[in-house]
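Which chain is which? They are A, B, C, D and E, in the order written, and residues in each are numbered from 1.
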Amino acid sequence: SSSGGKQPAQASGAAQAGVADTPRMTIALITHAPPGDTFWDLVRKGAEAAAKKDNVDLQFQSDPDGANQANLVQSAIDKKVDGIAVTLAKPDAMKANVEKAVQGGIPVVALNGGIEDWKAMGVQGYFGQDEKIAGEAAGERLKTDGAKKALCVIQEQGHVGLEARCDGAKATFPDTEKIYVTGTDMPSVQAAITSKLQQDPAIDRVLTLGAPFALTAVKSVKDASSSAKVVTFDTNKDLVTAIKNGEVEWAVDQQPYLQGYLAVDSLWLYKVNGNTIGGGQATLTGPAFIDKTNVANVEKFAANGTR
Amino acid sequence: MTATATEPGRAGATRDDRVASRSLAARLLSRPEVGSLIGAIVIFLLFMAVAVPFRNVANVGTILYGASTIGIMAVPVALLMIGGEFDLSAGVAATTSGLSASLIAWNLGLNVWVGVVLALVVSVAVGAFNGWLLFKTGLPSFLVTLGTFFILQGVNLGVTRLLTGNVASADISDMDGFAGAQKVFGSEFALGPVTVKITVIYWIVLTLVAAHVLLRTRAGNWIFAVGGDAAAARAVGVPVKATKIGLFMAVGFCAWLSGMHLLFQFNTVQSGEGVGKEFIFIIAAVIGGCLLTGGYGSVVGASIGALIFGMTQLGINYAGWNPDWFKTFLGVMLVLATVVNVYVKMKADRR
Amino acid sequence: MTATATEPGRAGATRDDRVASRSLAARLLSRPEVGSLIGAIVIFLLFMAVAVPFRNVANVGTILYGASTIGIMAVPVALLMIGGEFDLSAGVAATTSGLSASLIAWNLGLNVWVGVVLALVVSVAVGAFNGWLLFKTGLPSFLVTLGTFFILQGVNLGVTRLLTGNVASADISDMDGFAGAQKVFGSEFALGPVTVKITVIYWIVLTLVAAHVLLRTRAGNWIFAVGGDAAAARAVGVPVKATKIGLFMAVGFCAWLSGMHLLFQFNTVQSGEGVGKEFIFIIAAVIGGCLLTGGYGSVVGASIGALIFGMTQLGINYAGWNPDWFKTFLGVMLVLATVVNVYVKMKADRR
Amino acid sequence: MSSATAERPGAASSDTPILALDGVGKSYGNVHALRGVSLKVRQGEVTCVLGDNGAGKSTLIKIISGLHEHSDGTMTLDGVECSFPSPRAAQASGIATVYQDLALAPLMSVWRNFFLGNELRRGPFRTLDIAGMKQICHDELAKMGIVIPDLDRPVGGLSGGQRQCIAIARAIYFGARVIILDEPTAALGVKQSGVVLRYIVKARDAGLGVIFITHNPHHAHLVGNHFVILKLGRVVLDAHRDELTLEQLTTEMAGGEELAELSHELRGADPGKVVAPAEVEHGQVEAPARPDEEEPSA
Amino acid sequence: MSSATAERPGAASSDTPILALDGVGKSYGNVHALRGVSLKVRQGEVTCVLGDNGAGKSTLIKIISGLHEHSDGTMTLDGVECSFPSPRAAQASGIATVYQDLALAPLMSVWRNFFLGNELRRGPFRTLDIAGMKQICHDELAKMGIVIPDLDRPVGGLSGGQRQCIAIARAIYFGARVIILDEPTAALGVKQSGVVLRYIVKARDAGLGVIFITHNPHHAHLVGNHFVILKLGRVVLDAHRDELTLEQLTTEMAGGEELAELSHELRGADPGKVVAPAEVEHGQVEAPARPDEEEPSA
């Protein structure tokens, strides 16, 4: 075809390095990701890059339900893996089995969620951001942007991490309203945001909590003939383009690729050299803002699907 | 043979004076769709009273759009339910369709329309596969389509990653034929103050066609029969298998329509989408008066069910009620609408 | 009256020589649970062959735990389905129960056990409400419990935020009575190399009790009857209403058990949890041979269905298969297990 | 013939009927299925309810057995006015019914259907006495000349007559004061019909009240003491056996049409005759000529 | 009596039967419902299939109408061996059936049920000719003496006899070569039964083959040319009308039991008698005494 489509020779993953000659080890990466989520795809790609470099057999598993995720940790223990990287979005649910793994001598690191709880469980390290702090940073940014009223779009009802982001934003930017949408149904997301914008014309910022929802919110803003601007948490390839085009103002980036990469790499380092990344402190991967001013840096990596 | 003087064929039975003739109103009210229509009106008036933006005629477009994306699938799902079967794979099948079109076109660098046509083939084939498996295994359709539901979820994710390395299809908006296809599947137009999305047109046309098929054609008669009593239908010569497989294929066709809208509205399709929607289609059909056990129901009713669902979802937003209680309001409204429906029908039958 | 020489009551009919006596094996195989048991064995052997950790006897505990959390609810849901009704609120009802216990105890600063007991009252009341609404409105239970499903979701979130300002209940592990309650609802013990969670015990006990009730008591007879033909059951004097409401209350009771485990295993309960689980309970019951239309099924079968589901979920992990295709494997396995089930039954009936 | 009940002065022992209906009516939506029906059921008597299709017979007995509530009129049990809110209440008053649609759960086994609502229980835990129930069920069916080798088979797989027998055997076994049979012999063979008729007489002799609905005048006349004919929801005849011959009864049941004529006409049609084969179009089988309809000369 | 068919030499015009079964058998799982049944259906004749409950009559006609496939033996249509894979195929060969369970969809309206599988269509879009179908449906039912005022009512709400009439009217309307009626008069009143019997004669006279299953020897003897009695799945009698009187037929149907005896016995029971009221325990109604069973003296 004359345009578009799959381009023949695409550069593969960003982090290309030699392969370690350490003995092959198995690491389980257990997250609370729903299947087919773009954000978690980046985490996984980072983890896979590290696994490839470190000669690690990576076993990626996920379940959004807390009890089921805990059971996945148990099954990793059963499989006698060499290390576990786990998200602690629902720390209470995970606690018992994570501790069991630690006591069983399996090194565990946490990523993405659980910044307040990981130490107490005996986990080696933490890679991610504090959702609350990220939310507060977003709120600060809204304030400095001169926003008047923001709409925080939660794509999964009762999800602790997402709620924390909204609450954080509300803490520093009090005029924040919430709306729940069905994340697996884009047309209904679009209609719901449109209706909220029609209901409350005072809203001048839509804060979404995931990149695909930001792109949908852009359409809603158009449908509602609203003048609101769209801002978001997290990025993907299309979102970076949207920031470049000015459709989306900015995104709070927590570098998911880095979270996955560091989680696996730190376990490998611990196994082969006894190192702990962060030295017992949380390693923050965000929040950083991507906007028109710095989007060019990100753009070429985003095209590879790694940012 | 003795031939009596009376001519044969004469209506010989005494007139049954016990039957009071029913008023036109009573007859009308006992039609399955009228009850749900009144339910819809009740919900509508309720939101008119409490939600200011609901009264703005320009916002009708948003409400209709929300209803239409449900309605396009609720119509064939209702037909299938009247025919006595479920399709739990209907939601993810739409995603599969959108992904197929996008992946085929993008991966092979073909005109988008080629992808669109091949996606249609895929979708109808999935429907036919459901029907075939139903009769091959003898399992209830709940289980068969549950299997397809899971299988398609995995396929959506697995194939997308295999072909693109990502979990969403690539943006195809710069490819040949995209603009035309977007006109057909994802455009909108102004009707006075209201912006009408093209899905609304599809929804209305589908409803009318399906209602016509159900009530005015032989196939419709067969649908009622296979759902009401498949054994009896078979005994009097209705091709039960063909009818049911045809219904599954109709669901496949509408999943394709839905999938194409998804693709050309958003340019890409997330591979995890669509899960849970199958449930909403069934809800719309049931609110509209379809029996879960089959053999009874109405396509127009199902469309009104979709409208009730869409209206309620958006109406709560318009009313600006506390979002924490969103689902509670939704539940109460749905029960309210269906209670009205049942009440109207009961009253009408009494007369 | 003429009195013939033959004594009354004598079996006067000629022996019907057409009926070949069925072998014990054939009789056994045509029981609804045996088919699903064979399905479970097939899946088990399959994973034994491909997944190394599956062969480790110590891991049986993990598998059983996964199955038990499904099974505790699948048992009453199966009873309810045999009785001809659905409960879509079963999943969130467990969350409601856990939240009630926690919020009541924490908010009023009471002993945890007070919360536990009041949560039981709440749960059973929710079940009774479902049943009451069913008969009051005359709606199908699908719609009634759908309403409750939405309402409870909203209540879970709304009330939790109202009382704690968060979307999860507060940690109550430092409160009076927690240790004891945790022993009862969230403990585990070693059985040789296997660590058995207490839910496994509850699951087994529930299954046995429910199977006994279903097959060996009057209530069980009534459950079959109200599900098979409610009109006929009523005509011969079965209290249809009481039986069905009782079944909903049984679901409420098990939701409480489930909710207490959730609470005392994890110390807090997330208000958004439980959505989608109602579906898994129904799946387990259907895999175990329960008819969606009611009147036929088996509690033991439903428990085996839960085992199949739990085993498949973990087995795919143990086997280390590509997680992108997880759902596809799950779908194929479930269809496989049920096809085996149906095949066994068909073969047995033929003999 | 009017609807004046022919009270026999001799039958003093049962002057107060166990069950009496007075001016009972019932509507289904816009269909008024019963209007002003009066009926008395005496113990030790067989009351036959007869009438055309759709006359309201089944509706009548559904009211008596508590399945429907009547819209007008009164029902008295042992002289006390009552209305059964549910079939369970009617059963508690000793009324057992064989419904026309049999009221069997098709997926349940034979013995479970037999004892449905009246399960036998034993032991400290009140568990079902399965062996006992199977035995009784087998015996009761055997007495009717029906052997179902496997009582665990679901009722749905039995022949129409076998199902009918189960429903009848159940009602006879559980009927304590009144037994109601709605077309019990419809699906039965000659032999089984004979057994059922004998049972009806036995039940009467045991002192029960029996309501027997049938379309077969031979059957009705063989066992009935009292005949009530319904037409379009009203009672058009209420007579004692002594007042009617079989021929009169048949004529009344056919609404005044002479059945002898039918018989003659059909015999005149020469059953021995063989006609040349043919293939006919839809609706080409001519409607048979029928004599003009008349109201029964009452 | 053997199963030798009594071919009448005089009936030359229909020497090759339209439908013939030879040694047909059928099993449901462990129940062998039919074994080695042979039967001939000739055009212009009424073949009565008789027999006890559970004898296999319905199974037999289900095979002929394509609902079940037979396990053994052969079926020939017009001399060509065949087997109907579906009822649709049987209908295409001109065979219409009234099933014992009527095969009506209870939630569908009367006219939709009547034309189910044979809908009338018209116009360029082949839409349903609703007015035409309602008219025909009304007319056909009226010919049977049944008026259902609202043909849009669901069949489920009709009385047992009304439903039966719809099924019969449908089969008679659509039967092109063979009409099969499985206990059509079971739920019918005296008058409607008369109409159905007349219809059977009419259909025969139109040159169709008729298979008529009934438990009523009077009905069978009135219209039957040929009688086939099944017992426990086998043919025990296959005789022409000329060979049997009504009394013989009745005796054969009852399996050798004298019905006159029943009649006598019951009459002896004094229907006029009124017994003192009583209340009996479960199962206290004594089983009636029955004469010993004998094989029909063949």
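Observations on the structure shown:
By our rule, a contact is a pair of C-beta atoms (placed from the backbone, for glycine too) under 8 Å apart; a residue touches a chain by one contact, two chains touch by 3 or more.
If you're wondering where the values come from, they're calculated on a predicted model, not measured in any experiment.
Chains making contact with chain C as well as with chain E: B, D. When chain centres are defined as mean Cα coordinates, E lies farthest from chain C.
Greatest centre-to-centre distance from chain B is found for D, with centres as Cα means.
Chain A and chain C, compared by their mean Cα positions, are separated by 36 Å.
Computed from the mean C-alpha positions, the centre of chain B lies at a distance of 47 Å from the centre of chain D. Each chain gets a centre from the mean of its Cα atoms; for chain A and chain E, those two points are 73 Å apart. In chain C, 1, 8-9, 12-14, 16, 19, 21-22, 153, 157, 291, 326-327 are the positions where the chain touches two or more neighbouring chains simultaneously.
The set of chain D residues touching two or more other chains comprises 54, 101, 118, 143, 145-146, 201, 205, 265, 269, 286-290, 293. Contact of a single residue of chain A with at least two other chains is seen at positions 35, 157. Put simply, chain B touches chain C in their complex at residues 133, 137-140, 142-144, 146-151, 153-155, 157-158, 161, 276, 279, 283, 286-287, 291-293, 322, 324-332, 334-335, 338-339, 342, 346. The touching residues of chain A, counted against chain B in their complex, run 1-6, 34-38, 40-41, 157, 177-180, 182, 184-188, 190-192, 194-196, 198-200, 212, 215-216, 219, 223-224, 236-238, 305.
Those residues of chain D that touch chain C in the complex are listed here as 65, 67, 86-88, 90-91, 97, 99, 101-108, 112, 115-119, 121, 126-128, 130, 138-139, 142-143, 145-147, 149-150, 170, 201, 205. Looking at the complex, you find that chain D touches chain E at residues 8, 11, 13-14, 18, 28, 42-46, 51-55, 58, 94, 100-101, 118, 136, 140, 143, 145-146, 157-162, 164-165, 172-177, 183, 186-195, 197-199, 201-209, 215-218, 222-225, 241-242, 250, 253-255, 257, 259, 262-263, 265-267, 269, 271-290, 293.
Taken together, the chain B residues at the contact with chain E in this complex read 1, 8-16, 19, 21-22, 212, 216-218, 220-222, 224-225, 228-229, 231-239, 291, 295-296.
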